[in-house]
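Each chain gets a letter, A, B and C, in the order it is written, and its residues are counted from 1.
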Amino acid sequence: MSFWKKFNDMDRRWVYLMVAVTVIIPFLIPMKFPVSVSPEARNFFNAVDSLPDSSVVMLVFDYYPSTIAECEPMAIAGAYHLFKKHCKIITLSNIPYGGPSMAESVTRRIAAELGKEYGKDFVNLGYKYGYVSVLKGMGVSIESIFPTDNRGTPLSELPLMNTVKNYEQVKFVFEIADNATADYWVSIVNAGYGVPMGVGCTAVMAPKFYAFYGAGQIVGLLGGMKGAAEYEILLEKPGTAFRGMDIQSLVHFLIIGLVIMGNIGYFVTKRGKRKTL
Amino acid sequence: MTVAFFLNEKTPYVGDTSNVLLDWLIIIGGFTLLLGVVSILRVSAQAIQRKKEGWPFKIATIASVLVMAIPSLLPVSWSPLFGRFEGSIYDWVFVNLQAPMMATMFATLAFYIASAAFRAFRARTAEATLLLLTATIVMFWRVPIGEAFLNLFPGDLPYFINKFIMNGANLAVQRGIIIGAALGAAALSLRIILGIERTYMGRG
Amino acid sequence: MNLGRRILTSKSFATLALSFSLLSEAALAQEEFSVFRSDRINALITVTLFSAAVLLYTRWAKQGKPLFLRKIAGLDAVEEAVGRATEMGRPVLYIPGIDDLDQIDTIAGISILGRVAQITAQYETPLMVPVRYPLVLAAGQELVEQAYILAGKKEQYDRDTVRYVAGEQFSFTATVSGYMMRERPATNIYMGAFFAESLLLAETGNAAGSIQIAGTARPEQLPFFIAACDYTLMGEELYAASAYLSHEPIMMGGLKGQDLMKIIIIVLIIMGVVLASFGWGESGTVFKSWFQAV
C-alpha cells in the first residue's frame, strides 16, 4: 500500500495524538506570538471606554463551565475594564449550570483587586428560569424579576439597585454567551429597548454575530479566545487568552497541514486508481 | 402577549396582565426544573432496582445529585459547608469536579474537529474545493502566526478576509439562514397555535 | 364564509374595537399617552401580512389547489436509511435535539419523530430515542406509541424506546456516544436544537459506521453536521420536514405562505441594495426608517 493511501486511511487516533502533542508543546516552550486587534474587538473596547464614569452596565454571564477557556477571559477583561472606568456593574445569568457562581467568582476577585464594594459598585442578581420572560420582565422592573440578589439580600437594601429600575438606567450590556440567549438579548433588549450592547461569544458562534454587527445591532464582537486575547491586548493586561493563542496557532497549523496532505493523498491515490483502470 | 407587544406598557390591564403572565411563566418554569430532578432520581432508582445494564453508574448518579443538592439547600447559618457560596460543599464540587469535567468534554471537540477536517475537507467537487479553501484561509487569519504568514503576501490579506469573507459572504449567508429559520419557526408556531399542526401531540 | 361565521367575526371585531376605546378612555383618564405603539407599526404590518399569507395558502390547500414543494434530499433519504437499518439488523438512533419542549426546534424534531417511528414500526426496526428533558420524554413516548398503534404493531411497542438519559449536555453526549460505539446503530437521525455536542455525536456516529441525517436551525452547528453527516437539513427545512413527510395539503399550505413572505423580503432587500448603491436620497431615508426597530 503506498504512503499516501496509508496516510489517508490513517486511524483517527493518530490525529488525536498529533493534536495532543501540539497542544502540550507551547506549555513547555511559550512562544508569545503577537496578537493583532480586529476592528470588531476595537469597536467593542472603544464603546466601553467611551462610557461615562459611574454608568450602570449589565455584565451577563450566559456561558456554561464547558466554555470557560474561551469565555472567562472575556468576562475577566470586561469586569476589569468596567471597574477601572468606575462603572457600576450588575451581573446576572440565564444559565442554571453555574452561571451565578462564575459571576460571583470573577466579579469578587476583580473587585477585591480594585477596591470595589459589593452593593455599591456591583451586584450579582443570580439566575431565574425562562430567559425570555426574564429579559422582557426586566424592561418593566428588574425588582419584579429579581426581588433579591444571588445571596438573598432584598434589592432595596442594595444602594446600587435603588438607582436602577429597568433598562432605562442601563447604559450598556456586556453579554458573554455560548448559546442562543445572546440572540434574545439582541432581539428583546437591544431591538425592543434600544440598550447598546456588545457580545462576546465562542468562536463557533462568532460567524453568526457578524450579521448583527453588520446591522449595527451590536457595537462590537469578541469571537472566541482570539477575541478575548484582543481585548486583553487593548487593556494592556495579557492573560490566559493571550497565552492560549500560542496553542491555538499551532493546532490550526496542524489541521491545515493535515487537510493539505490529505488532499494531496486524495489526488495521488485517485490518479493511481485511474492508471490502474 | 402578542397584543401587549403592540400596546403601550402603561395601558391599563394590558401592561399588568402581561407582567403577571411573565411571572407565571417563571414560576411554572421553576417547577419543570424540579421535574427534571425527580425524573432522573426515579429513572436511576428503577434501573438499580431492576439491575439494568450499567446500574452501578446509576448509584453514582443518585449520590451526585444528593451530595450537591442537600448541602446547598441547608441554611448557611448551620455550617459554612452548607449553602451555595464560596467554601460550601456545593461550590467545591462545582469548581473542582463539575466545571473541569464539562470543560474536558468540550475540549475533546478539538480532537474531533481535527479528525473531521482531515476526513471531510477533500476537493471532490467545486463546492467542496471552495469550502476547503475558505476554511483554510479563515483558519490562517484567526491565529497570530497565521496572520503573520498572510502578511507575507502582497496586499492586506487579513483586511480582505475580514471585509469580504467574514463581513461579506459570511454575513450574507448567516442573514439568509437566520431569516429563513425565523420565518419557518414563526410559521410552525402559527400552525401550532391554530391547531393545524398536531403531530407533536401524537395526532396526525 | 357562512352567515353564522360572518356574524361571529363582525361581533368579535366590534368587541375588540369597543375594548380598545374603553382602554383608551381609561388610559387617558390617568395620564396622556398613546395606547398603540406607533413605533412598532412595521412589526404589526409584517405579522399581519405573514399570518394572512400562511392562512390564505392553507385555505387554498384545503380547497384542493395543487402545491409544489422542492425535493429535500435528507428527508427523502429517511425511509431508505431505515430500510438499511432493517437489512443490517441494527437499530435506528433518533435524537430530537437537546433542548426543552418549549423550543420550536424541539417541537419540529418531535413531529418528525412521529413520522420516523411509523416507518420503523412498519419495518419492525428497533428504535432508540434518548432525550434530555422529562417533558420531551413524555411527548416522545406518547408519539412513538401512537405511531406503533397506527402501524398496527402495538404489541411490539417498548416503553423504553424513548428514554431519559441525562439532564446535562455533555453527560447526555457521553451516554449517547457510548451507546453508538456499543450498539453500532445503522442509522442516526439528529433533528432539532443542537449545540456544542453536535460534532461529538456526528463524529462518533461516523466512527461507528452509521449513515447520518441531521437537521438543525442553529447556523453555528450546520458546518459540523455538513462535514460529518451524509445529509443535512438547513434552517427552515427542519420546520418544513413535518409538512414534507406528511404530504398533507393543509401543512404544505403553511410552507407556501412562508415562501411568499420570503419573496417580499427579497424584493425589499433588493430595493434597499439599489437605493444604498446609488445614494440613499430622501426616498431612501424614508425606506430605511420603515425598518427601524424600537
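Things worth noting here:
We take it that a contact is a pair of C-beta atoms (placed from the backbone, for glycine too) under 8 Å apart; a residue touches a chain by one contact, two chains touch by 3 or more.
Just so you know, these numbers come straight off a predicted model, no measurement behind them.
Taken together, chain A and chain B share the touching chains C. Chain centroids computed from C-alpha atoms place B closest to the centre of all protein C-alpha atoms shown. Interface comparison, A-C against B-C: more C-beta pairs in contact at B-C.
Greatest centre-to-centre distance from chain B is found for C, with centres as Cα means.
In whole angstrom, the spacing between the mean C-alpha positions of chain A and chain B is 14. Chain A and chain C have centres, each the mean of its CA atoms, that are 28 Å apart. Note: centroid distance chain B to chain C, computed from Cα atoms, is 17 Å. Chain contacts: chain B has residues 32, 102, 105-106, 113, 115, 117, 119, 121, 174, 178 touching two or more partner chains. Those residues of chain A in touch with two or more other chains are numbered 12, 64, 66-67, 97, 207-208. Counting only residues that touch two or more partner chains, chain C has 168-170, 196, 219. Only residues 168-170, 195-196, 207, 218-221, 293-294 of chain C touch chain A when the two sit together in their complex.
Residue ranges on chain A touching chain B, taken from their complex, read 12, 15-16, 18-20, 23, 33-36, 38-39, 64-69, 96-98, 101, 104-105, 108, 128-130, 132-134, 136-137, 139-141, 144-145, 151, 203, 207-208, 210-211, 213-214, 224, 226, 245, 248-256, 258-260, 262-263, 266-267.
Taken together, the chain A residues at the contact with chain C in this complex read 12, 64, 66-67, 97, 178-180, 190-194, 202, 204-205, 207-208. If you check the complex, the residues on chain B that touch chain A are 9, 15, 19, 22-23, 25-26, 29-30, 32-33, 84-86, 91, 94-95, 98-99, 102-103, 105-107, 110-111, 113-115, 117-119, 121-124, 132, 135-136, 139-140, 142-148, 158, 162, 166-167, 170-171, 174-175, 178. On chain C, the positions that touch chain B within their shared complex are 23, 26-27, 30-31, 33-37, 40, 43-44, 47, 50-51, 54-55, 58, 100, 104-105, 107-108, 110-111, 114-115, 133-135, 137, 139, 142-143, 145-147, 150, 163-164, 166-170, 173-174, 196, 199-200, 202-203, 206, 217, 219, 222, 224, 227-228, 234-236, 238-240, 242, 246, 250-251, 254-255, 257-258, 261-262, 265.
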